[in-house]
Structure formats: structure tokens, C-alpha cells
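This is the structure I have questions about; it appears just below.
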Amino acid sequence: MLRVMGDSNGLPPQLTAPHTKAKVSVARCADYWYVACTASELKNAPLPLTILGIPMVFFRTKSGVPGALLDRCPHRNVPISAGEVDGEALRCGYHGWEFSTKGSCLLIPGLKGESNTKGHAATAYPVVEKQGYIWVYTNPDVAPKIEPFHIPLLSDTNYNHVRQMVEAPGTLHATIENALDVPHTSFLHKGLFRGKGTRNDITVEIRRWNNRVEAKYIGEPRPQGIAAKIASPGGGEVEHYDRFFMPSVAQVEYKIGDDSHILTTAIGTPVSDFHTKLFTIISFRFGRMPGWMVRSVLEPIGKMIFKQDAVMLGKQTELIGKFGGEQFTSTEIDVLGPHIWRLMKAGERGEAGEMDEEPTLNIVEMNV
Amino acid sequence: MLRVMGDSNGLPPQLTAPHTKAKVSVARCADYWYVACTASELKNAPLPLTILGIPMVFFRTKSGVPGALLDRCPHRNVPISAGEVDGEALRCGYHGWEFSTKGSCLLIPGLKGESNTKGHAATAYPVVEKQGYIWVYTNPDVAPKIEPFHIPLLSDTNYNHVRQMVEAPGTLHATIENALDVPHTSFLHKGLFRGKGTRNDITVEIRRWNNRVEAKYIGEPRPQGIAAKIASPGGGEVEHYDRFFMPSVAQVEYKIGDDSHILTTAIGTPVSDFHTKLFTIISFRFGRMPGWMVRSVLEPIGKMIFKQDAVMLGKQTELIGKFGGEQFTSTEIDVLGPHIWRLMKAGERGEAGEMDEEPTLNIVEMNV
Amino acid sequence: MLRVMGDSNGLPPQLTAPHTKAKVSVARCADYWYVACTASELKNAPLPLTILGIPMVFFRTKSGVPGALLDRCPHRNVPISAGEVDGEALRCGYHGWEFSTKGSCLLIPGLKGESNTKGHAATAYPVVEKQGYIWVYTNPDVAPKIEPFHIPLLSDTNYNHVRQMVEAPGTLHATIENALDVPHTSFLHKGLFRGKGTRNDITVEIRRWNNRVEAKYIGEPRPQGIAAKIASPGGGEVEHYDRFFMPSVAQVEYKIGDDSHILTTAIGTPVSDFHTKLFTIISFRFGRMPGWMVRSVLEPIGKMIFKQDAVMLGKQTELIGKFGGEQFTSTEIDVLGPHIWRLMKAGERGEAGEMDEEPTLNIVEMNV
């Protein structure tokens, strides 16, 4: 009944709690694009970043071209990020080997023979600079067949845009499910969202494609609480959509009446199995309310909410660690989580598809 | 000759020292009662405590009933101890699921269907409040056939009682053996107990039952040293018993003459394989000496002794970790350790029995 | 394509980067002598030191004899180094067992039977005090057939001698290769050695015996940079040898003209697989230049160079850990590293031989 788990810090196997399966909600979707950093963060100096557990070095050559290499010199396996950019090359700081953005070995100082051979090359990852972000494709061996996610509204000047980057000590799946989960807001973010007291019957329409899923909430009242008063100053009908796009985009859209519209796009980057970054863009307009005023309220509230979420995700990760795996129980009001999980696992196997087929429709009733 | 051990912090297997077997003196006796905390420590706020490697949350409902659940919400595996008590329920802080002291799921906010199903329940452990302690039975699946250990003398008003809780970085077995071991006192606690100089021949009678063992020391002189001067102010014949009761009670009893009597009961709680708590009750009377005076000397000396023991147990644990196991050598003057070990292993297999049979007698001569 | 590695701190297997083999350049040469500490560091108090992953306790008896035991009491596996020296014995601090420098158990306090039996003995390692160092042979089970390395020039009063001890977070092989590697000096120690600008064609003669290897550099110009100006104040022909002696000695010899001669002997001690100590002796004479003046410049520069090397070796070790192994690529200008590796692996298998045969000669051209 008691389970014993290996602990290899020297001590023999340790006790842990009963009943836990070894399964963990980690999907490693390698054949996809992820945001590495903002475009402005990438200067000439080499920038080490871990994505999907892979230590990478990002750099920008003198002519402005971004590159990403496995952050390990093929010679003596030191991090190339400890070196420096020289012209169009990144030079290792140990023996001075130089590499192009494509990974070719341009120079081995001291060697009289050929430097540029396959054996001397560094592993290079496809990189794209787009909409203010540096995107990287985490499979170095293939030519990407897809494009990075296109962020909507970004060029629409009727909207204000707030960009943030936050980090959570949780799996990509847990972090994305949390970002799109409605029932936890009354408890974890008590006071900022709906309280326990007033509850309404709501219908949720869930539409599933083979690389995205959408939940439409029908019957939601004008929201209560601080955040809500800002979101709907003048009242009106509420339209609310939560969406997930493969492999890691969580989108929440609120329309209140004709004038107020807020679209939050959170692009997840799996740093490692239990560490996720979210690059978040909030695009909004609130009738005649000036953008700076809305932003001055939205930004601190957004940070407070995310901090509460991050703390809870950290506790979850710690407990999964203690038990050596998860043992989740879902109910029908866990509206998107299980669908997201199925898409991620299909993506891991290379089976997530295109977007053009008819969606499957599910309907769930809830009282929140 | 050199042994290689897995180190999974990323680095490949590491060297360690030769000759060590993987065996460690850890017995996991699950079908037993352990002290979780004192009764006064358990208030309404949820109290997370690990026992036998199992993260548990203890709480007391509004009506005063104590409860213990596996500290992991069955929904999304966050610690329930991050929530709060509401009436007779403990509520999870993430999505608001509520549980009774028996583990039943009383509420899933938002869900229109049935909350109280077996799949939604939390794992609950039997709890008893007795003699000022909260006891927990570490097997959640069975009804306990035995009672928690009864602490003698506690209600005898002729005695003074001192309660302490101390923690040691050692296995339950090593901590209990240390508490009942005589030969180490001359070295580790030099000055407080017998010195190296004067030694006496002593006969030890060891009586073994199938769930306890007792050592009776015959020929012990009036003790020397500070502790001893307090224990036997007026001299007289010394009676000395060391006892172990399954699964984790160490008892040391001294009678000196007719008037002085001291009984130390240390109840061990295995927090994890290498972390043990001892809930200790010292009951004593010292002739006409006032209790507060004895106590004012006993308490600081007890703490000093235990601190020296804890440091040594920590060094032992660290070394067992380095070698990946133990390689103990015992002699006949390791009077109780091997017997305690056999009882613990029998208890782990569910084979430790009742107390009513005739004991087996062994006799050992020592010179201490 | 992605590799998954066990992480046993509780969390399930973690992602790591692609392509890495599990091989690491660690050779565990047990049947050899290593420097434990300087002779003056070893006083009466027990000194715990780890060598080749083995926790040892060094001590010096009252009569001055050095001893080394496995730092684990055979009784209850606490470190004997927590005890104290008493006359010719080392006494454990827990139950007072006493051991000789040969590991014999001289006393078990309280025991009426025989203490000095094989089962009660501690594991003892051969120890030699020589040329100001305490050497230990890391195989306790055999009589050493070889002598510790003899440090040349130490008794020659025409030379000044500087002793240092430095520590590197790298394998013995990586640390020794680094100490004897020429091409990295232009990059890692830029400014102190040759710069990137001026380069010369150099011929390297590599002579290999079955327990040592030597590189002779022909065509090296009078060196540039600060270190060089000190090494060759008056100019002259440069003679430069790099040498490795099994199992762990790196030697660099420079002769410039007739009057200047510098010999650096670095004796490596593998503390553990990724932690190496270097006991270094620099013996030099610089024509008419006073020793204290040379030393005042040599010492800080030597420390600066070694610090840069240690930082890079630490980055390499960290990365090998992240990838779970190495994937090195060598070229012909990695002059000594691969030969040292082969000797170390032969030594690990017990196949490194004597020094009296004819060497094998290889010639390499480089441009540094």
C-alpha cells in the first residue's frame, strides 16, 4: 500500500504516499513554434534560453539576423553563450570556434585543415522574427511546415495593447488550463471575480477542431467585482469566449455591449516540464474610457491574479513531485482542460491537424 | 571494488565508497497509530503534517471533531491544507471543493450533478484524540484493530510531568535505539553521564515479547555526574529498565530508593525514512524535592543531551546517504537495537503479535 | 528525438536536449597514489577528506605517524572524523571504539569479549609522507607496487619554489587536459597569452609511453603578453614541453635561453568525478632576477589564469550534467587530451605499464 520512490541524492529509496499513478500531464510537442523572447530583448550579446528542456543560445549578428543554436560547443561541450558575437558569427569563449546562424563552423583557430565540416557544426534551430517576438522551432532536423501563431488585433489602432511576460512553476498544460478555467476564479481570486454568494445557470458550448478548441459562455450576467466594473462600465450583453490553439495559445475574449472589447492572448513557452512562460498580449477598447486609465487598473490586477495562479501552480507541481505523478479527477465543468490535453498529446505524436474541418459540438450546463 | 551510484540531478553516476550493501534500517509499519501533534496545536486552521512519508492535512471542525485527510485534492492535486475550514468541512483553496472529516465530498461549486460520489472523495485516515495528543492511524483502508499506546502515570498527581517534542534527522530505528542505548552515554554525553574512568560490571536481563522488549540492568551503582546527582539526591538501590513497545515507543525507568522515580516515555513518529519526531513525557517524583526545581534542571539537560544525539544521528544519516546503505556491526552490548529491529520488521509484515505470552529471556554481561 | 532523463528529487522524468550519449570522461584509477593534503595540514585532529569519491579520515598519532581510514565507523556508520586522536589511536565519538592507523580495533568500551577482531576493524588505506605531502593509495585491499610521483627540482637550491592548491569543478581528465592545452590560451586567457592577431606555424612532436605522454613544441617564438615578458626578459630560444604522467600529473616546462627555466608540476587529486584538486609546484629561475620579484608577479597571474579555467570547467560540468553525458569533437590540435584519456582508461583497467620502453612518435602541425 505504501509506495517507495527512488531518491538519488545518495539516500536510499524514500517513502511516499499511497495510490499515485506515475502519469503526469506533460506533452512534449517538439514540431512547433514557441516564443523565445521579445524582439527587443535580443541584442548582439548571446542570450541563453531553455525551451522544451533544451539549452539554446540566441544571438543577433551584426547585420541583424537572429539565430538559435544548441547552447553546447561541439568541441568541448561548454556553453557557446559564454562567448561573443563577432560580425556574422558566434564565437565560443573556450577555444574560439566560430559558428554561423545556421550552425556551420566558420573557424577553428590553430587548425591548418578544414574547419567547415559536418562534424564540427553546431545544432541550429529555425528562427523567425514576427510581431515583436523571436519565435523558435524546437525540432532542428526538419523544415517547419507551419507558421508561428498570428496574434490578432495587434495592428488595429482602435485598440490599446499591453504586453507582459509571466512565469509559472507548472506544466504547460496546467498553466494553460488554469488560464482558461472559469470555476477557480471564485475561490482563488475571491473578491476580484464572482464571489461564492450569487450564482447563475450558464450554458457552455464547446466546439472542437483538430488543432483548437473553443468554449462559448451563454447566460453570463454583467460581471461583479472590481475587475468587472472596469470591464463593463456601461452595462450591456456579455459575450465570452475561451479558446485554445495548438500547441500553447490561451485566448480569452470578452465583448460587453458594442463599445467594450477585451482580447487576452497568452502564448505559452514550455521552458521545461514544470516551468512555463506566458507571453501575454491584452488588446482592449472600453468605449470612451482613455487607454492609459484602463491600463493603469488592468496591469496591477492582472499581475495580482497571475501571482495567485502561479503560487497555486507551484503547490500543485510540488505535490505532483512528492507523489511521483498525478491523480486528477475531472467533472463536466472542467470544460476545456481534458480537450486541451487530448490535442497536446495528438500534437506530441504528430497527429494534430489543420483547422478547416467542421467542429464537434458539446454542451455543458454549469452554475457559477 | 569502487561502487557507482546513480545521481539523477543531471550528472551521470557518481563514485562512492566501496563495500556498502544497499540495506537500510528502515521499517515502514503502516498499520499502527502515531502521534501527529499535541491536542492544543490542532485548531481550526488546516495543519499540514507528513507522517510515514505521507503528506496529511489535519483539521478540527467547528464542533471540535479532529480529522486527517491525504493532503492532496482529488480534483487537481493541490494541497487541501492551502484551503480553510468552514463549519464541518475543509474547503480546497483552488476550486472550492469541500470535504468532511471522513473524506466525503460535500460540495463541488458550479457542478449541477452529484458532488458526493466515491470518485470525488478525499482519502481519510482514522484519528483519535487521547491524553493530550492527536493520534493518526496511517492505513486509510482498514478499521484499526488496536488502540494507541497508553501513557502511564499521566493522571497520577503524585508525579510531575514534562512534555517535549524533539526532532532527529535519523531513521525511527536509529533514533529509538539511541534513546535506549547505554554505552554511548559515556562518550557522546561525556560529563553528563558516566565518564571513561570508573567502570562497573553489570548484568542485563533482556525479556522479549512479540511486540515489546525490556532490558533490566542489575548491579548499576548510584550514578555519577550532574544528571545523576539530581536523579538520586539521597542515594539508595538503583532499579533501571529500558523498554520498547511497538511500533515506536522508547521508555526508560529509574527507581532510586523508595522516594525517587523517573519514567521517560518517548513516542516516535516517523515523519519520513530519515526524519523522526519524538513526543516525550517525563514523569517524576524526587522525594521532598519540589517539582519546579527538578524540572528547571531536567529540561535544559534533556535538551542538551537530545541535541548531541540529534547531531550524531544526522551525521549517521548523511554517511548512510553517501554510501547508499548501511553496514553496521553489532556486539552483544548493543542490547536492544537488534531486537527492536526484528520487531519493527515483523510489524512491517503485519506479524507483530499481542502481549500476553511468556517472554524469552537473554542475559548479557557488560562493563560500563 | 527529445531525450528524457530520470530526475529523482520526486518529480517524474524531465526533458533534456537531444543527441547526447551517456559517456562521460571519468576514469577511476584506484590503484594509484594521490596527494591528500600538505604535510603541515595534517595535525593531531582528525581531518576528513574525500578522494575518488571515498570519504576518508586522515590523522596523525601522538608519535607522528600519519594514517587514513574509511571515514565510517564499522559499528553504527557515523564518521570517525567526528571523534578524536588519543595516543596512537583514533576514537569514534559515538560509542568510543578505538582504531589504529592500520584499522585494527583496539578498544570497544563496555565489551567484555575481544575487541580486536576482523569484523570490528576499520578499512585502512596505505599512506606515505613525502616531499611535504601526505599521499594516499586509494585501494585498501592490496600492497602498492608503485611509489608516489617524485617531484623534480624541489631540493635544487638554484630554484625558487611556489606551492599552491587550487580546486576545479571538473573531471580529472578535463582539468588535466586544460592544464596542458595550448589553443585555449589565446581565447580564455586573452591578453595574458598570445592574442588572436599574430600567429605562427608550429610543429609538435608527441611522444607516447605506456604511462606518460610528452608534447614538444618546435618553432615557438618568444612569447608575447604580460606573462611572457616576465618569462623571457632577455629573449633567447624557447624550449617548451608539456607532459602527462599517470595517473594525474600535468607538467609544463619552459626554457628560454640559458638562464631562464620554469617547471610547473600540477598533481591532480580526483575528489569526486566532477571535483578535482591540483597541488601545484612552480620551480623557476630567471637569470639575475630575484625570486621574490618573479614570484610577486607569477602568483597573482597564476591565480587569475586558474580562476578563468575553473569557471570554464564549471560551465562544462554543468552542461554535461544537463545533457546527461558528453559529446566531444576533437581535432588534431587537441594534442594531448585523447592520449591522456587512453592512458587513464588503461590505468582504470589496471593495464598502464612501466616507463622503460621506446616511445611512439606523432607529429602535428598547428598555427597558433
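Just so it is clear, A, B and C label the chains in written order, and each chain counts residues from 1 on its own.
Note that in this section a residue touches a chain if its C-beta (ideal position, glycine included) is under 8 Å from a C-beta of that chain, and two chains touch if they have at least 3 such contacts.
A quick note: this is a predicted structure, and the numbers were derived from the prediction, not measured.
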Are the interface residues of chain A and chain B largely the same numbers on each copy, more than half shared, or largely different? different
Angle of rotation relating chain A to chain C [CA atoms, steps of 5 degrees]: 120
Using mean CA coordinates as chain centres, what's the gap between chain A and chain B in Å? 46
Name the residues of chain C that each touch 2 or more other chains. 6, 8-9, 16, 320, 322
Per the touch rule above, chain C residues touching chain A in the complex are 1-2, 6, 8-12, 14-19, 174, 182-184, 186-188, 196, 199, 201, 312, 315-316, 319-320, 322-323, 326-333, 365-368
Residue set of chain C touching chain B in the complex reads 5-9, 16, 22, 24, 26, 28, 30, 52-55, 70-72, 74-79, 82, 91-96, 108-113, 119-120, 123, 139-141, 272-274, 317, 320-322, 324-325
